[in-house]
Amino acid sequence: MIEAKDINFAYRRGVPVLKDIECTIKDGEFVALLGHNGSGKTTLSRLFMALDHPRSGQILIDGKDIVNLEPADLADKIGYVFQNPDLQILADTVFDEVAYGPRAKKLTEANVKTQVEAALAAMGLSSLAGGYPRVLSFGQKRRLGVAAALALNPRTLILDEITNGQDAAEQTRMMEYLKAINEERGVTIILITHDMGIVRRYAKRTLVLTDGELVFDGTPQDLFEGGEHLEAWGLRRPVVSALGANFGVSAATVDELCAHLVKGDECDEDD
Amino acid sequence: MENVISFKNFYFAYSKSGLVLKDINLNIKKGSFTVVIGPSGAGKTTLCKAITAIVPFYMGGSYAGEVQVLGESTKGKRVSDLALKVGLMLEDYESQLVSLTAGEEVAFSLQNHGFPPEETQERVQKALAEVGLPGRESYQLDELSGGQRQRLLLATIMAVHPEIIVLDEPVSAMDPEGAEELYALLAKIHQDFGTTIIVVEHRVEFVLPYMTDIIAVKEGQIVAAGTCEDVVEKIYTEPGLQVLLPELWQVKCSLQARYGEHLSLWRKLSEAADELRVKGFKGGEEA
Amino acid sequence: MKTIEFKLTAFTWIIITLAVTAWVFILPLQAVATILVVQLAGLLYVKHDRMTLAAIGGLAVFTGMMVLLQLLFGSSLEVSLTGGLRMLVMTMAFLCMLATTRIQDIAKTLVDRFHLPVEYAFMLTTALRFVPNFLEDSAITLDAQSCRGYSNRGSFLKHMVSYVVVIRPLVMRAVAKSETLALAMELKGFGKNTYKNMPQEPLTIVDFLALLLVVFLSSYPFWAKLLK
């Protein structure tokens, strides 16, 4: 469980980046962290991972204040995946890449093997274990980043914009893997993203930050169909939600929407 | 209408790869706003590089056939000469900004091509104003935000007055507001100057209001190319390409298939909602 | 950055800097020490931000290390300190030039007046342009290492080792980026004309006075003999 209590944060120059943030993320949740560029969402996620520490307030992981901890201490509780997959590749084979974490934590080679294989399987990369990470496709590299974070069996995964720059099929693939991890293994997912369609289809809870303040905490349906002023927060409604709203249909995908759009009888002239 | 770009039986492979582009026959019309869609690895970026002669002439590799830009073959052309007619924004646009201040960046190409100082200065001023960064010549690069830097690159491209601008996934990292702004700017350039725009894009909802033509690429081959009206239905039936269409058009094609009734090619949500309402659609139980 | 009341062109600064490297050997020690005082005073007057102070501090530390090294190899204290002073003044000269002159102007002068090939000259600008990005990227790679369980606690040596592990991915990234950069430069027509049309700084009376001073100080061995 991750708790943020009254968090305030600013970088050295003093412009506040997070103001009085208060929220709790329980185990097993699938949360989308949203906001315009510069709203503080990446900063908040870095605080969860002890990459930075708040100026005031507390971050509690499972009830314990992490102010004196560093990211390595949290690596087996929280896995953090950065936006740029190339910057995270640290080893020469896919297997060694995923094994990096378990080896850093001094697990036995037998345990390392078990955990690496499980992580690779969870992200559909088992057949690529002996390969060189840099020749993987962009989508595969992205999944490799997630597998590397999963290798230490964390309870939570924080993923920073990992669906950018990918086609719809790859995005869906990544999200389905994440959904499976969340539902079958109970791993908490905290997803930072700009893709509202993905939020509507997969997230169960949305946290919206604007200029450092938490302005919304609720389900994607409430966010997109509840009449909120999304544009002021730098967000947009997913097409399917917005179109569905005109007809009282709450849908996450094109197929769902079309299934619920029914043409009236011939004699129905007006609405 | 005149074709600004033509591919004639064009094949291409990088030095150590298999065929990346196979038997490309393509015409891009002058003044069009063409969107290139396709799965990752289909060859879209390579197509952009072929238009600008980066491939096969700068990067090497083997090829067959011909690419013509503004009526002339790209064979034997210097990449920098072609760049005066075809502006290119790569996906890694940060690496295309090489100078330390905004003014120097925009002036760089012009100076290299021997434009006299007064004309350079005038073009720099105009280009910066056109992209919404007026008077910022002396700004250091790190004083500009990510979105501003991208617009700076666009100013750099605009300063040489190209007839064609090619962009490879320009908004992949942007928030929705930034993406809308960039495409609004491109649309304005398209309208004011009649520049042909060719853009590779996954987030097609942002180009929906502006696109005139679509090119669909799959496994190195052109699956469909033409005006949106002509190719939408064909792309919809192609496995793997259906999900790459704007969602509004996926809805249109799906409902058309079920009810056998033609629906317009909506450009805005309101258009879709209005037509569906007029035609008697309602929300209801699963049909 | 505050501009000095009298502005010298990049050409003059390059000449001064080269001259200073000669002066540390031909002028008496008191003169060299005076130059150091002038450099520090001038530099801090013009630019007293954290980065400049850090740079001066860095140079001082580096000089200190060189002095210690010389002592370890058996030189006398006097010789080591003299060597250290000379090195400090030379490096400070470069720092003063970089603090007061734009790198683009330095690059252009090197091409126009010193006939440096354009590729080398442009490397100066490229370094300044991309090194900050590179440092940002390095920070992310170090963070990623941290997030995988590699602890940063412990000895200074361990800290150094953690940086080493990260070098390879960064070098590969630098190589990939430089390929895109080379392409970008080609698209922009980079070549022998690049510096021709960039605005030229005219030499002013202040430059001539400065250059005169340089000639005067550089000919010290001659008129020193005459005075004897």
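Of note:
Per-chain numbering from 1; labels A, B and C assigned in written order.
Here is the rule we go by: a contact is a pair of C-beta atoms (placed from the backbone, for glycine too) under 8 Å apart; a residue touches a chain by one contact, two chains touch by 3 or more.
Fair warning: this is a prediction, and the values are worked out from it, not measured in the lab.
Of all chain pairs, the one linked by the largest number of contacting C-beta pairs is A-B. Among the other chains, the CA centroid farthest from that of chain B is the one of C.
In terms of their C-alpha centroids, the spacing between chain A and chain B amounts to 29 Å.
Mean C-alpha position of chain B lies 42 Å from that of chain C. Residues of chain A found to touch two or more other chains are absent. Every residue of chain C that touches chain B in the complex is listed here, in rising order: 102-104, 125-126, 128-129, 132-133, 177, 180-181, 183-191, 193-194, 196-199. Put simply, chain B touches chain C in their complex at residues 52, 54, 58, 79-81, 83, 88, 90, 92, 94-100, 104, 108-117, 120, 141-142, 156. For chain C in complex with chain A, the touching residues are 137, 140-141, 143-153, 165-166, 169, 172-173, 176. The touching residues of chain A, when paired with chain C in their complex, are 49, 51, 70-76, 79-80, 82, 84, 86-90, 100-102, 104-105, 134, 148-149, 152.
Listing the residues of chain A that touch chain B in their complex gives 36-37, 83, 137-139, 161, 164-170, 172, 194, 196-197, 234-236, 238-240, 242-244, 246-249, 254-255, 257-265, 268, 271.
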